[in-house]
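Several structures are given next for inspection.
Paired with chain B in one complex and with chain C in the other, chain A is shared by the two complexes that follow.
Up next is the complex of A and B:
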């Protein structure tokens, strides 16, 4: 028997017995493995590192599993509860920024998503392109663009000068500037989920409701709102979680004058080199993110998005 | 479509308002990008629209600067492997999820798509600590692996949507006609999902090209174009920065428009 034949019989034998090795080298096993290995090694691992480091003592940068401590938790949670020190401010700033951002993006996106799905017919592709391009531009570049727009001697000042305003007070380095930045950066994450859920509402449903005498308010309350609810939920969670992690916006537009959770985490890792303290704050962010992510993924129906064509 | 509601001056005026509103949102989204491009061509210290002094000097300075060129090279060294690998990993996972039944299929999807929803700062700093503990270190290779974690799931998402739109009966028919696994992939499955794979790959490149958070935690001493821009923004601004940022933006915009035209054409063909 030649080698090839031996090999072939062996592979056939594997197939008959449904050998685990064979299952791994044929689809779907071999298709699933790369992604699983990648995520286990570089996603689960790092997230575990955050959790483990948060229980370490002092300024350790090497793991010492025998020395556990909840000192950093006491510091962070104690500070947030009592509202004293930097953590009280951080909590208030972060929640204020994230909730305001979520509310603003929702208010701005909802009518736009409705219009794009049901009213805009001409130049629709152009509009969609303009809305999508910022998503694919570095957060740094967009925030930098806002800085160029807002700073003294910037674009905005030269525009208001045209209208005779001579006293231009810089709009940089305020909490509302950070909110402008986060609203801008995360707007597409609200707009597109709502847009997709609006697309699923048939034009005929809206026509039928109108024919049956529904006024605008009824149309909104009884049809648009319930049918676009998945989009609103996905978009809101998405924006809330991502804006919790907004660091560049706070750093550049806030000029380091306002501390949010993300900038505080960054500070703990960068300047003060305190990994356990930074990790403890990151664990809070991690918990919120995992819960929101799972809810989003359970709400998204890939099949339905696919059925809509484009 | 009923004709009852169309026509009528009031309705047309109402529709016009919707265009105005979406136009304003689009304007808002374009504001910083337009500011950036305007600033990149401006020669002078105090910005003014009235007497705008046009120059290409900053672009010239950007393209001849050694540190900028080094950062560009590093970015390409990261983006190209990320694009190739994430397209393979993401497409494979998408085919598995959409075309096969296997145990824990739904859990696999949940797990594989979860990184998309993570704030990048969280991924970046976790990877940075992990990398130092397992001895992976910092540099180009760790940055590539790090970006793959975020970008492969996005490719999987894009390809899954395309793959779910394909009738599963086509494959059944091919199998009944005696196609083996390799023929099935080469002649049927891959050509059908090719559009999704190409747009996934373009998105992967553009996202990697623009990534800041993950590379800032993993690139170590190597500067990429986004970390270079960030460094110059926070310490030592020069007028070259808008030009460099604009160059990055031009590449992104061309590719995104390319991807959109590609998608649009293929959707048209199938109709």
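Up next is the complex of A and C:
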């Protein structure tokens, strides 16, 4: 049974038990009240507000009478279909950045995660620290560092000048520059889930496979890949969803010439002060995220994985 | 025949296996026995190819397989933790080695499961994680046999099972060895397993094979004090004097008053200790056997139909045990705290060097 099926049964079962409000105010329900309130105010409320705003025409909501309009949806979806305006490009950019970032981080992380979990014993802590420490630094700072490195008259240009190259084409403001940034920033989110699922594979399991005649390809296909699949799925989900929302990377490394949905949403809310348009795009991004999450989670069964440790 | 010559494994400055020579005939049930940390698992891993020896060679039927990768060796290892593939069913686990080496599957999975006494209809399509310890052990065995190896290597696969199940599986392993004519090499720290199943024993201590022979030979004629103690619960007395008399030795010890003559089988070292097993020793109110000493009875432990009588030798720190039938002990009327004689027949004495 996939994770989605399990969740569905759980939700169905919920309706048949005793009164939910009574359960909430008695222990242990009462223990989760603060968190539930926080989630309600900080997550669900604003989400609803965004959905409502996306159906408005201006930057205010008239509650009486509440008016609805699908003008912004027509603009965005119509633009995507007809190819007019930026929305088609923005969607393509966003999906391209997310898919490429997921693929790149996966390719880079997988062998490293295997090596860290099963081969490297010396300096393992050093490796892990190098991966963790950047997470302590703000994304902005790290991305600006990249910008200073890549920009014209920047560090990279000075370096190539040393080697006599005079013609320096800026590596900034391209889709690939954004991908470089997101790949670097979100690498740990791919590496750690895979690393953890690799760690849960017993060394003797790999030895047993070799002992029973498995060559390297079989070992990878039949043992390593299926057993590390949960890590791959979770890591891909993290990286894909995070790069869908990648705003800072797009803004700084894309420099206003390449937009992703996230940076375009910020542009709508900020520069052009068109809240309904921003909200509509936010709803779109949310839908893409939810669909991606569902598709990815459908492929694994978290409960089966939890049972493996027994 | 499997033969190792000067097989050696070092971890930094630690010598785990010290120039070991083994000779194991085809079809033999050989057991490598020794206490924890004696290097037995390292030795087995070198035979399986999971560990590169520091030096020395492994030959199988005259062919050098020292550096052959595990997947290309005709050996199969049953791991202590069984190492079943958790994402596969029992059937998939067993088919795995067959697919790898191109063995036709057919009804082989069912046959193998029956061979290890599991009902294929019940268990073949269960996930490996749904099995009990004993069942996992059986599946691991079936999976290794499915590989059709020349040599089956077993790394204490019974260690974590309960006593009754362990007993039963020990017997089944011995039967299987006979039935298949396959060479089994079993590694264990448990004397009980070693004695029950093996044709040939190798006793390993600190990386050295210190004695080789049939279980009976090693039980009757231990090479050293260590083996004598390891091979069975035994009382050990240091000898103060030993004089040779026609292949036997006349020995004296400060621990007991009598002088006794005991056969001795080693040419290269003088006897240093007299060993007598717990179940060859008795306690009684009078000294009636050939050799004995006065002891204080410190504790009486009933173990099924025998009692362990723990004794201390007054004025020394000697601690000894006699294992007697419950009825025999009751007849003596001895109780905890009494003074009595620990004694044994001269023929039960075993002399060993250091």
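Everything that follows uses one rule, which is that the second predicted complex is superposed on the first by the 236 of 310 C-alpha atoms of A that agree within 3 Å, B and C clash if a C-alpha of one lies under 4 Å from a C-alpha of the other, contacts with A are read in each partner's own complex, and residues count from 1 in each chain.
The criterion applied here is as follows: a residue touches a chain if its C-beta (ideal position, glycine included) is under 8 Å from a C-beta of that chain, and two chains touch if they have at least 3 such contacts.
No experiment lies behind these values; they were computed from the predicted model shown.
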Contacts of A:28 with chain B and chain C, given as first, second, both or neither: first
First, second, both or neither for A:202, with chain B first and chain C second: second
In the superposition, chain B vs chain C on chain A residues touched: B
Partner chain(s) touched by A:222 [first = chain B, second = chain C, both, neither]: second
Which of chain B and chain C A:137 touches, first, second, both or neither: first
Partner chain(s) touched by A:210 [first = chain B, second = chain C, both, neither]: both
Common interface residues of chain A - those touching chain B in one complex and chain C in the other: 207, 210-211, 307, 310
Touching residues (chain side chain B, partner chain A) in the complex: 1-2, 4-5, 15, 18-19, 21-22, 25-26, 28-36, 38-39, 45-50, 88-90, 92-93, 95-96, 99-100, 102, 108-123, 125-134, 145-146, 148-149, 152-153, 156-157, 160-165, 181, 203, 206-207, 210-213, 226, 229-230, 233-234, 241-242, 245, 248-249, 252-253, 255-257, 260, 263-264, 267
Touch list for chain C against partner chain A, complex: 48-50, 69-72, 75-77, 79, 81, 83-87, 96-97, 100-101, 129, 143-144, 147
Footprint of chain B on chain A - complex, ascending: 26-32, 34-36, 38-39, 41-43, 45-50, 53, 61-63, 108-109, 111-112, 115-116, 119-120, 125, 127-134, 136-149, 153-155, 157-159, 161-162, 184, 187-188, 191, 203, 207, 210-211, 238, 241-242, 244-248, 251-252, 262, 265-266, 269, 275, 278-279, 282, 285-286, 289-290, 292-294, 296-298, 302-303, 305-307, 309-310
In the complex with chain C, residue positions of chain A that touch it: 202, 204-205, 207-215, 218, 222-223, 226-227, 307-308, 310
